[in-house]
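As written, the chain order gives the labels A, B, C and D, with residue 1 at the start of each chain.
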Amino acid sequence: MLDDLRAQVLEANLELVRRGLVLYTFGNVSGIDRQTGLVAIKPSGVPYESMHAGHMVITDLDGKIVEGDLRPSSDLATHLLLYREFPKIGAVVHTHSEYATAWAQAGRSIPAYGTTHADYFYGPVPVTDEITADDINGDYVHNTGLAIVRRFRDLDPEAVPAVLVAGHAPFCWGRTPADAAHNAVVLEAVARMAFYTTALNPECKGVSQALLDRHYFRKHGAHATYGQKG
Amino acid sequence: MLDDLRAQVLEANLELVRRGLVLYTFGNVSGIDRQTGLVAIKPSGVPYESMHAGHMVITDLDGKIVEGDLRPSSDLATHLLLYREFPKIGAVVHTHSEYATAWAQAGRSIPAYGTTHADYFYGPVPVTDEITADDINGDYVHNTGLAIVRRFRDLDPEAVPAVLVAGHAPFCWGRTPADAAHNAVVLEAVARMAFYTTALNPECKGVSQALLDRHYFRKHGAHATYGQKG
Amino acid sequence: MLDDLRAQVLEANLELVRRGLVLYTFGNVSGIDRQTGLVAIKPSGVPYESMHAGHMVITDLDGKIVEGDLRPSSDLATHLLLYREFPKIGAVVHTHSEYATAWAQAGRSIPAYGTTHADYFYGPVPVTDEITADDINGDYVHNTGLAIVRRFRDLDPEAVPAVLVAGHAPFCWGRTPADAAHNAVVLEAVARMAFYTTALNPECKGVSQALLDRHYFRKHGAHATYGQKG
Amino acid sequence: MLDDLRAQVLEANLELVRRGLVLYTFGNVSGIDRQTGLVAIKPSGVPYESMHAGHMVITDLDGKIVEGDLRPSSDLATHLLLYREFPKIGAVVHTHSEYATAWAQAGRSIPAYGTTHADYFYGPVPVTDEITADDINGDYVHNTGLAIVRRFRDLDPEAVPAVLVAGHAPFCWGRTPADAAHNAVVLEAVARMAFYTTALNPECKGVSQALLDRHYFRKHGAHATYGQKG
């Protein structure tokens, strides 16, 4: 069970490398086994080239290390808060992928400018408020998670599986590590196209509600028509 | 006959991958055998890495599946309408290639800024009107085709083998699957250079009619001088 | 002798492919043997993957084919005029490399914004006047060469081995095919950095005359100090 | 000892190639053995493909060649001045990496727009004053070093291990050749994201002092928490 989770988490980390989303040891993926509440997460600062499944660190939902000899990713507390607050997600991905990070640094949400966006994100990818000095000087990594959760007070994390942390970078999530990594890759493509779009047309209003609905529900929910039947 | 068409359609799909125009399972190519009116099209949501010619779905011009076990691309109805309305084209390509998509999202036609454009597209690559809520809520994929056809009321699809669907992405076409994929690759390069050009000179007027004529007819029509004689 | 020239011209054409400057069959390189006045040039529209030295077409300075079974590049007449008017150059390269082409399409010379530029180009890379309708409708390819030559009336083609043809794309040259291809690759990098620079600082004045002198003459002329002594 | 230094300097030079920071023979890395005061530096103008450790040139801190048959990099005097003035650094890297160079050409410091920046650079990456005509016409390469040192009069080179030389390009440094090359690679990523950020939000104020502190000291100093314990 944990071996399988570790393998999935490793594979999702490597997918980020293959897709050019991470530089050196940047970025991290975790996955959760909801039965046991155990989380597998990438270790901190280990090069991707020499990483193997046994390096993945197993913790419980309070961050207590259950298995593994290495320090977990320094972003662990953000991942754990998301698992506690968003009970339907099964994996979390954090990268500094360059266009999504630029939107985060600029403090701008990514508008739903087209159907590529609408196929994955049911509305803008929101940016959090700036983290306050108090929150930074306190339990910073945990407080980063709180800023995300506050931003989703009126949003459904299943319908919008990504967020931009202001001045920092994106977090994405999904049902499985592979799904969350897929969302991170698509987010970067969407962020890139949105960058070009706003340069070409700063007044661009983005897709209509009808188009957003049509594309999102084409790929999600009981009436999805995309892909091959299960 | 159909085996050959399937092989050509597969190969054109793979060309999109090699040229970096598609991400994951995005994009699709179809080709038509005008003798029989049968169309071969990429299946929906199948990874390119494991795709083979036998996966291509054969339908008639009304979308009835004639051969193949998989669901066809969800964009099938757009392809079919283009085959019915543009009787001289032999293949259709749809991608979300990033710069062309950005122009589509921005709702801007791509002006003929230079000879690279003029070698392939005899005038701007036009953007459709926005698809209305009624058209989205109705037979959306078919209606997308209608929006393209309306945009070409006064244009020759052979002279301008591409269109931008507003808020969505480009469709291209050509005589054969290879030709249509080639046009899609060039469109992305042209869209990229046009993006840089309008940033460098927002007032740029583009090529003169004389230069457009010279370059377009250098590669097309009875007096073409480019390449080796047949 | 001609075999060697053909091999050099082929190799320079392939360098453009390796460096990402050309798409499909775009671009062409020629070289001249000044002893005999014979020119070797890439054939028109032949894929780079299957190209070999024997495909290079040999012509005299008037464009008469002396050896080779294929049609020469459709830009031959521009190359020949440059050889006749710029007697010290030994090779010509034409590409539609994307950033240099964007500057050409925008009708803007590339300013000498930094030392990378100054190491290769002793002043801005100039853009020609627009080619007139008369010149386009007449002997267009030859007239393109005339527009370049007019632009260099007060410039030294050895000190500025590149030009942007307005609405079209760059031409570069050098002592040898390898040298001209090298200049084309550097021009594209310089055009890319100049694009970013003008976006970051539209008022940027570029390098001082002192810095231009220092860097240019560091790599050129009797007092060059860069690289290993011959 | 010197063999090891030569090997490290070679490897750091090759890392620049692998990461796409250098074109042709651009760029150079050196490293110093602080015990003996001997410096190993890349030779001038040698292609990376054929470079081996024995090509690295050994000089003393005054630039006298102690070992090696080749000319050292033409930027040697800048490297040496940095070693003399910044006694804690162990290696210097110079590249013309494209986005960092664009900021240098634009004469703009790179603001600390986000945590990626703050993880490596404790404040903006500063740009020097323009080098004066007198300094260019005098001992130019040495004077380039002086411009850097002047810019760091009130800055700690360990806390900000990079600088932009106005109109030229970046210099970076670090404890070892690998560390300095790593900083150069991250600087280019940071410069790229900062370019996108300022385009998306020209008024962007960047990270707060609290966030800068938190991220910088997360990776540096006695209380660092990133990575595995030594």
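For this structure, a couple of remarks:
Everything below uses one rule, namely that contacts are C-beta pairs under 8 Å (C-beta built on N, C-alpha and C of every residue); 3 or more make two chains touch, one makes a residue touch a chain.
Worth saying up front: this structure is predicted, and the values here are computed from it rather than measured.
Of all residue numbers used where subunit C meets subunit D, under half belong to both copies. The two sides are thus made of different residues.
When each chain is reduced to the average of its Cα atoms, D sits farthest from subunit B.
Centre-to-centre separation of subunit B and subunit C, using mean CA positions: 33 Å.
In terms of their C-alpha centroids, the spacing between subunit A and subunit C amounts to 46 Å.
Looking at subunit B, residues 199 sit in touch with two or more other chains. Because contacts link each chain to exactly two others and close back on themselves, their graph is best described as a ring. Pairwise chain contacts in this structure: A-B, A-D, B-C, C-D. Across the interface of their complex, subunit C is touched by residues 113-116, 182, 185-186, 189, 192-194, 196-197, 199-201, 204, 206-211, 213-214, 218, 225-229 of subunit B. Subunit A makes touch with subunit D in their complex at residues 23-26, 43-46, 70-71, 74, 96, 98-99, 101-108, 130-131, 133, 136-137, 140, 167-169, 195, 198-199.
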